[in-house]
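Two complexes are shown next, each including chain A; its partner changes from chain B in the first to chain C in the second.
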Partner chain A sequence: MELTIDQRWDLVDRITKETVEVGAYKHTLKDAIADITVRPKTGIPFAIAVIYGFWMFFSTFAGFFTDGFLVKVFGDHYIPWLGSVFPGKGTWLFNIFAGNPAVFQPGYAGDICFEAGGVLTTGLFMPIAVVLPAIIAFYLVMAFLEDIGYLPRLAVLIDTVLHKIGLHGYAIVPTILSLGCNVPGVAATRALETRKQRFMMMVLLGVFVPCGAQIGMMQELIPEKIGFVFIALIIGYFVVGYILNKIWPGQSPEMLIDVPPYRMPTRGNVWRKTWMRTTSFLRVAVPFMLLGCVIVQLLYLTGGMAHLGHALSPVISGGFGLPQETVAPLVAGFLRKDLAVGLLGGIQLTGWQMFSSVVLLSVYFPCLATFVLMIKEQNAKEFGATLGVLAVTVFAYGGILRLIGMGLGVA
Partner chain B sequence: MRKISTAGSVFVSVFGIIVLVFGIMEFVVLGRYGVEGVCWGPLEMSGMWLWWTGIILVGAGIMYMSSANNFESNIHQLAKSVVASIMIWIMAGMAIFDKVAGSIPGEEVWVNPPADFLAGCGPPFTPAIFLLPVSLVIIYFIRQRHRASPNTSSEHLVEE
Partner chain C sequence: MDKILLMGQANVGKSALFNRLTGARVIESNYPGTTVDYEKGRMLVDGEYVELVDVPGTFSLEPKDGAEEVAVRMLEEEKRATVICVLDASKIERGLYLVLEILERGYPVVVALNMWDVARDSKVKIDAKRLEQILGVPVVPTVAVQGEGIKQLVSRISEAAPVKVAGVIKRTGGEKWNSLLTRDGT
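Let's turn to the complex of A and B:
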């Protein structure tokens, strides 16, 4: 028997009347809390509290393991032990695997963990002692906030601000994902509506959003200045976003997003997500970190680093006011930004130079894994534009920071 | 119900003022002493997060006070107080976590002995830790409201 459209709707009505009971909607406390956390007047202070909690958990958790135990394990025991048993002190092999022989001298006063530089010393210290606790802490809170249903509310709250730069509130999701690792962040841009939005988001993520490993490293090196680094990056995120929105062709359409109710997260789900993301991050990051240590040590041993230092000194020293030694972290930054920031710990820098170097490394080239993904995700024109934005941003930041430093009498 | 609700309005008004005063004090301390802050007996206000904690406390204080009106009849008003309490719980929870995590590893030893651990967990405390026990009173009002409407679960508090 075939029914006409009207008959079908009549049938639907009859079935609905017999099966669906309609009553008055009872507004629950959970509903009311859900409403309050998306309204700007109450939602913004709450969001500030959530972000504060996020950051405090991140820094306390990472600090507990890194400073409380792992720095001691590596700095007092493992690295000195490896330096004493590794054969051929002074050979290339020793330099590459154990590191700079000077740090193994008795009574060495520097930071042996960062300054050794070998694959089996600093190369293992950074991913295990600094990056791993930071990444676990980040993904743990991230999974909790995701499962409780808070992230879409954050997206609603930030929607108005992100509209100013041609993005919508949901762009906060790739941004937050990138604070863990840029690779899933860039992959998550696929959820954005148009090519223009995807291009803009990828540029902003690659340039202005540091990954969890890099944040952990910054927290270890310059805990008292990390807030200023974030301010510098947030300003860049919005200024460059605004400019790109004005000059890059394409559309930024409106988008409706579903805000789910709050739910109690399940422990198993949170642990599974944290485990999955942490292991996947380590698989991407650790090989590049170890490779970075090998390349930096090889460049030192062959004299390549000195040549690079001379070649780039007009820009680095003349333009940015930084010592030539910062070339090594810049080279390592092509592979891993966290490794690059970590290598700054082995260089004698003033407070301002350290701050400038960390900011410049943050806005400098994205890590190799992100870079490869960007090549895959963008067409030639977009990729060329991304490189152009990178170059302009580095020079603009380098110049502006130098001027500010000179104005303050510290550069 | 009326008696409970009046008590609730008084509680959130008075507690809101206290929370707001603590928040304003954090800004005053920051302006006057910088991030080094001050320590008055068991109370400590210091650190580079004073701006943030100040904003959160001021926000929570205002939310408590603004929830006093119609606390008895409007579930959104109760919810506002609950959200303000959650803000304080986040701050206090992180302050306690920081104290405990910072007291476990020792300088010369791997793990501090119990006496040093307890000393590390002791005062001075941030304002959020002092506010925490009082903020938990909000749970009593949620339960009272639930009891006053026995036909609804805690997740189905009817807006009247």
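Let's turn to the complex of A and C:
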């Protein structure tokens, strides 16, 4: 027998009347906190404080392990040691595994960790010394925020702003997940209601949201400019969102979300999630990083990189005002964004060039893993449109940044 | 037994229950929509391994988003499955709606009244015995994150059997059930 919707609710009503007794409810401290965090007047300052706290923890934790410890281990001990014991200086094998022989000369003044470029030197330095501490810190805080139940509240607060681009507050959830890693972020778009919203969200995530690994790398290389990188990306997120919402057919209906009660996170679950996400990062990222290093070194050794740089120089140098050498990070960016940003550390760039390269690397292509997932989740038309948005965004950003740089007299 | 599906609204603790029952590790969080694809694991029921599926949260069997579509498709494909319906005990109404829908389709159901602790703290008292009597299926209070009630839930899975909704209506009592049955010409 099938009931109609009304009959079913009637029946639910009868059942609850017979079985549920609601006692006098006392307003608790938890409710007071819940109120403070969703009322705009108090909630917005609270949200800013939370994000600031998040950032402080992230940069302090990552800085402590990376700069305070691991950079010294790699830069002063491991990498020079490997360079001295690895056989066959001057052969291709040495270049691929240990890196550019020039950096192993005594008294070399540059940053050996980033500039060596070998699989066993820079290839291991980047994921283990720079990215690992960053993402552990990131995932720890994220697990805590997830479990305590803060994300839906953030969604409520930001709802009005996101409405302007045809998304609703819940879009903040995939966005924040993407700040950890774009792959689960893109997967989380399934919780959005319409195809249009899902498509828009995937584009915005893939193009404008840097992942934790990339953020960790940026924090190591350009800590003083990272705020501007975020501003550049946030502007793009809203501008492209606004345009897509206007031109892409489909509906963006209101979405009701359930705000769960605050709960004390259990230590077990926070650790378990951090552990699961970190190990999955290591499994996926490290092989890709190493592979990326091999490819880049091989392209250098065979002269392929020079050819590619030359061929693309009208765009890279002529259009964006960057040196040809940035073609290597662009190639690596197809595999992983953190690797791509890391490779910038091995190139001589002015401050402005560094800044625009980082921004361009962020917007120009989602990493391979995200790309594959997007192919799976989108139909042909949506995927074509995604590539279109990517191309337009890269050129728009490249051109605009150049103009700003020229206006400031730095490019 | 063929397969067991864990179903219920978003953010009622299906993933937490799944981890408890299978010893597996799926991501659990405190916001609706954590699980967007199904996850499979194995659990022991009366000494036998049975496949357990963590289904994305759904409000009803009329899907509204991609994750809910996955949930409804899952249920329709697994005609012989037993369903553990997970309810948020602090607000059972919406969960009951889904329970009724699943019962109407003829699936054997066990009800887990999860977040029993939250209900208790917010002074919601549920007569689980009476609910069990009315629904005609096992009803077990649980606190998945703490592991409370899990053993009892497992021990009662075998009691799950399809139930006629007409019977449920009848058991809600009195002469009033007639009006419900006859309204809209049913």
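Everything that follows uses one rule, which is that the second predicted complex is superposed on the first by the 387 of 411 C-alpha atoms of A that agree within 3 Å, B and C clash if a C-alpha of one lies under 4 Å from a C-alpha of the other, contacts with A are read in each partner's own complex, and residues count from 1 in each chain.
Here, contacts are C-beta pairs under 8 Å (C-beta built on N, C-alpha and C of every residue); 3 or more make two chains touch, one makes a residue touch a chain.
In this text the structure is predicted, and so the values were computed from the model without any measurement.
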Touching partner for A:188 - first (chain B), second (chain C), both, neither: second
Partner chain in contact with A:21 - chain B first, chain C second, else both or neither: second
Chain B versus chain C as contact partner of A:2, first or second or both or neither: second
First (chain B), second (chain C), both or neither touched by A:45: first
First, second, both or neither for A:311, with chain B first and chain C second: neither
Residues of chain A touched, compared between chain B and chain C (which is higher): C
Touched partner set for A:37, first chain B, second chain C, both or neither: first
First (chain B), second (chain C), both or neither touched by A:231: neither
Touching partner for A:372 - first (chain B), second (chain C), both, neither: neither
Intersection of the chain A residues that touch chain B with those that touch chain C: 26
Chain A partner contacts - residues on chain C that touch it in the complex: 9-11, 25, 27-34, 36-37, 56, 64-67, 70, 90, 92-93, 96-97, 100-101, 104, 118, 122-128, 130-131, 134-135, 145, 164-166, 168-169, 172-173, 176, 180, 183-184, 186
Chain C partner contacts - residues on chain A that touch it in the complex: 1-4, 6-16, 18-26, 143, 146-149, 151-152, 170, 173, 187-193, 198, 257-258, 260-261, 263, 265-266, 269, 272-273, 276
List of chain B residues in touch with chain A within their complex: 48-49, 52-53, 55-56, 58-60, 62-63, 75-76, 78-80, 82-83, 86-87, 90-91, 93-94, 97-98, 101-102, 104-105, 110, 142, 152, 154-159
Residue ranges of chain A touching chain B (in the complex, touch as defined): 26-30, 32-33, 35-37, 42, 44-46, 48-50, 52-53, 56-57, 60-61, 63-64, 67-69, 72, 224, 227
